[in-house]
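You will see two complexes here that share subunit A, one where it goes with subunit B and one where it goes with subunit C.
Our next item is the complex of A and B:
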């Protein structure tokens, strides 16, 4: 009955599975995705690199441009300025956000939900908004100019405050997550050993969030060193790398030197990115599946102190928004303080009018729709394709790359690449499409990670079950995978929409007279001295982002109810 | 589980493909070759998970793959399904070479350890998942689904979501879903391991009864020997990517082919020994009578004897292999006790005595007693940990 055969010594015939139509489709799509990502990420960056080694006649001159750059004291000063401003604001925001995150996760303070929402306000607006508000408060005609004791807000002080406000939510989210994932059992152990609160903080809390803090530092540093809006509005004569890049390209039309600054700007971003990857890899090993969440215990003094702190921070964030909102309704600051909608008559001003706003809406919508389709689709292919390892690894590399490329640098490289006369994709230049592409690429990494995380959370055997029941893969995708991933899909599209709506850096070099955008209009109107209309346009952006977030909230809540039905008894 | 007519499922639902499958089944018939696996190798990079496995499975058989964790059971099962393709080797299913076919071109139903029920679909839609694709009419599908749920003992739970079911119920739904398309081969990967002991015992007999009634060829992976013993027609014992033995539960238990099997299935005293001649071995200074196979003469070997085979009643000094031993520990296990015995030579044995013997012989810790190792229950295996291939 039993029938074990001894294996023979004949060399075995290797069997290769016949590829099913599903496999062919997936592999073809993966190749298409690789080509697409290569075209919109790698090739443009390469053309920027090439440009930096050319003279204005297009001849190769090696590193001559870089030598000129580093020998020009004014340009070189921007590097130290940038590092100073970013370093200072990063450390400041880290400190502020840590306290805020600590209050939200480790105390029994009142109104946590409120403080959670308020902290997100800066995400709704371009970075310009915080700078504009600062001008209204501390500027030449500001309401609280005297508070600065004669110092001018136009310069490093203004830039630092503006940046701190703008990146506050980004830092907060990372730190909060790492505080939430610390193992509660450690605290129980510390209490059992009668450790003092200070000692517990130093020995348990800080090491637990160490990686979160470092990660936040790198991300915030990249954001601040590559931001352009704040320095442009409130920097005055204080030059930083990002404003230099703008001046070289838009002001002097010196594209070669622009490419050089672009590459210099790429450096800190890439370094921070690599360091962050390194740290994040370490962090994974810290978490265990058996951790228990930490539940804070009430303590009157602590809770009240943190409540006061959070109230102060919230007051600043709300104040920033309220100041701009109020200023946008004031007829003619500071002479005619009556409230009116004068500043909202964008069609009477330069900057693109209401058309810019509708363009922005369209662009954000396209970015959300096509971006989500492409990003989620690619993530699905990478996760579910059988075999084809090499190609999947390439895609994974491509998806990480955009995070290290500042928006302005990406935009600049698009000029070089798409505007080249011999490029068959030249027709994209100056179109809506190129801005959509730029936005999708610029915000690719975060969206991709969201998609992959959601896909990984599903039972890997769903597809196997489908195959055993002879159900084509696409049916399983639409009937099971997609519905299960809908919350993530909503997250991605909301993220893409709001970031596309608010970004300046990714589109500043790419818009054309036909495709003016709201965020750029804010910048241009402010530059032309129309600061109140700029505030008004910024408020329109805030309003739109807020509405989309609200919509997202309600949709997600509905979904969660449904999922609760799927998940619990 | 509800009693059911033989093959009820196969005939209620008509589909040209299924008729073809049924026709093949009739041709093949119970007890004929259904699945032939020839020299299957699976490599993960440098690691060889399956080292050239060959096995023939008859139609209608219930086969269990039994082996320790990491021995390659799941890998083997997934290779049979085509979910993880083998590196080399052949698979012939009801006469057709399926070695290079994708899973969706093969004929099997599968239940995973995690069940992999679609959480966003109701029980009915889960069960009907494979049917909808076959262009059957709605009422037909509905009827089929309710029959299937009836069969697995879950009538009336069509509209529930999987999350609202207990582990055992989810397991049944997964089974119904796998059976819905009337596959010729049912694959179960540790289907019961996530359940608690009582549900497990209960489902064991249900699955076995269901399988017998449907006459569907079934392969179940398990690392629980009791499960394999009670359910399987034949057990395939695996270790380190090779098959150690194939046989009925009785064969495996009573005539283990290797020391590994002897030790893995049930418990065994495994004692290193030297084979002196065809009739005797030396174990730690004690000479025992055995019948040793020719190949082991003069070699180091392992002597195996099951605890329950050690005799304790009415022993004379003249009896073969009788030993004076000291009673060390006694572990009370209900109807019998497990007793650790030491011989003056340092030899330690584990024996199992019924409560009856314990009482009659007054076996208590610290006393000495006489035991025998009957020749017919002693087996000898080559010393090296078996990895013959």
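Our next item is the complex of A and C:
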């Protein structure tokens, strides 16, 4: 009730007449949301920026740290290394995902539902899992070591393969969406003009998905350049920016240099983000009211070829999971191949034991619950508040910012901001709450966009009608808005839960002895050489996320059947 | 009118999310004193250590913060102004010396401290730190994989310079691992600075990669990922007991070692409980517990041999100059980093 008092005390920002109590509530809440977002996004980033210009005694030294950084060849080499592995893996994954997406949307291949699900496997696990599997497959004791022709998997090859597997679903989803939104009439026209299939592909299909591809490229590039799980496990001595950041901060507690690497790491991400925004603005809707959905025609050769291709890709994805699952049960790789549950005795190993797993569950649950509440609530305020444009624009800006900030950089900035002794929020440091906040912020943008999209689909008339009938806002919200947006709410909470469960980067700098997490345990156990237990813990994460996804699937299906009949035409 | 504000109540719940989560996060806090203990002990030892301490002092609960030696040290130094740790228990002696030099340790003479060997406690009175046991560098040699690759069994450090081992050696990064640091500091002491760095230059050519943790090289050797790992004797003995096809090699030139030690962090809010932990750490009972993993103990004359622990190791332990190692730690690490940090980097 305290905020009631608050709401009446806040001085009016705009003095336009006829503001209903509902408007006041909304405006107050918008201001609260702005303060909250400012505190958890802008201030920490600022403190990191400040840290990068300090020496270890805390004195301002300008750009000296940056000069030191760019003058140390080993650190500088990491930049080119990062660009190389990210560039190579982004282009590779784009190519692979395009073919896969094409098969799913433009052919009459069999088992599409199956291929659709399999492609999502890497989303269920931390990026570490694909790297751990690679160790078992191509490592010195790996089952297929000879396939590498004497090359070592520990290095750029391993990083690239690991990254490609890990970001495959992200690329696929974007490309698939853009392939789906094509006007079938264009193909009818092409056929009528007797265009060859190749020509049709080049002048109709590719231009149609151009922006989707570019968008996917940027997102995949950001993901790969900022991921450090894969490089940590299988990078060997091949340093990349993300592992440098980890080494500077965790390995040497050199926070100033860590801040410098953090800012360097911020660059490609921010550039990719700006470019993506620019491209999206150029994107013109290909669909109009008169569009005809494209329906692929069966073609034996084409369908079978793509079926074979998708089977191969699926085999790799399933194999990745199966390899880790199998290895997690092997007693002592490679000398004692008997199967046992030895590796699941987490309490005897580094990383926090089973407690880490339950902590992860709790953290993911809090992230899902509080994150969804906050994100959906804020999105609602932004979409439905009348007037107050400036404040709403600020929120829009804040919600886009996290997309461009890598998880590790966010976590690092949280150390600087929240662990400062004079920060009144200092008590959050080392708590579960700070990790929840970090996860919510890290995954804010996607969730926010989901919420806004769902809210935009609703006719604004609902609120107007409600208001004119003197139905209080909360009633409209709970009786109309929320039920109609329930699928989106479920999407957001599932997304937040699974990403919080699997993320390493957003929490690696923030966990404390009481709040060890499963994903961090995977990293730490692997770091201590306990690779099989690391695989075992990763399997627990996979299992959990898979269960949550299944639950989400059934809930959504049930909802669509029961409550959302209004949507089906 | 009141009804209209209900959504705001909902939202206020949401904006006070941190409060709710805090409650959820701190539900464990209860009457017993909780000691935050920073440690670099092996994870599989922690449970035994805390339960045997909590058996004696049921009103004190240990919360471990465990990581590699270098990391725990760096963490302690970084948190100097606002330390989260109450006690350090099971960290390299060199690191405790460093903390003592920084004035971060609260001097305290645990009950029974007089029983410890003189080299296992700080010379000032009351001492700022007390030793527990010593851990000793060794080479983990995988018999099966080495045979496959035709690698001869090395007997000395210098043997490892043979090009035959190229790409078949692995060692911990001294920046993050205490074992890695004691290797480097012992080579500099055994061979002298110039020859020591020359030795490492040669070794670097054969090293496949440097690991973050000190036990990982031995675990990787045990798993056959690499035939030879530079690690420490206790880990090797443990893995052999678990069935790994390893043998422990104690190089003839002598091996570096460091003690594990403990101390109280200055400014702890739980001083009384911290002192109890230090009392416990020098008891015979605690030493017998250390003996499960270490062959050399702080209290002389009570050590029982550890299974598969190389017996010749005690006479090959070098006369380690801890003060020198602690004083030069940062300089050595900077030099090491500039020489070997990026394995892929061409040498200057």
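Methods note: the second predicted complex is superposed on the first by the 543 of 569 C-alpha atoms of A that agree within 3 Å, B and C clash if a C-alpha of one lies under 4 Å from a C-alpha of the other, contacts with A are read in each partner's own complex, and residues count from 1 in each chain.
To be clear about the criterion, a contact is a pair of C-beta atoms (placed from the backbone, for glycine too) under 8 Å apart; a residue touches a chain by one contact, two chains touch by 3 or more.
This structure is a prediction, so every number in the text was calculated from the model and none was measured.
By the touch criterion stated above, A:556 is placed in contact with neither subunit B nor subunit C. By the touch criterion defined above, A:480 lies against subunit B but remains apart from subunit C after alignment on the C-alpha atoms of chain A. Of the two partner chains, neither subunit B nor subunit C is touched by A:177. When both complexes are overlaid on chain A, the residue A:19 reaches subunit B alone and has no touch with subunit C. Contact with subunit B, but none with subunit C, is seen for A:471 once the two complexes are overlaid on the shared chain.
Of the two partner chains placed around the shared chain by superposition, neither subunit B nor subunit C is touched by A:116. Looking at the superposition, the partner that touches the larger set of subunit A residues, subunit B or subunit C, turns out to be C. Annotation: subunit A residues 1-4, 7, 22, 472 touch subunit B in one complex and subunit C in the other.
Those residues of subunit B that touch subunit A in the shared complex are 38-39, 41, 51-52, 54-56, 81-83, 85-90, 99-105, 108-110, 112, 114, 116, 118-121, 129-130, 132-134, 161-164, 177-178, 180-181, 183, 234, 243, 245-248, 251, 389.
Against subunit C, in their complex, subunit A makes its touches with residues 1-4, 7, 21-22, 25, 28-29, 32-33, 36, 72-74, 77-78, 81, 135, 139-141, 152, 154-155, 236-239, 247, 250-253, 255, 332-336, 347-351, 362, 366, 370, 373-374, 377, 419, 421, 427-428, 430-433, 436-437, 472-474, 477, 512-515, 527-531. Here subunit A touches subunit B in the complex through residues 1-8, 12-20, 22-23, 459, 461-462, 464-472, 475, 479-480, 483-484, 565-569, going by the rule given at the top.
By the touch rule above, subunit C contacts subunit A in their complex via residues 1, 3-15, 17-18, 20-22, 24-26, 28, 36, 43-44, 47, 63-67, 70-71, 74-75, 77-78, 81-82, 84, 144-145, 173, 175-176, 208-213, 215-220, 223-226, 242-245, 337-338, 341-345.
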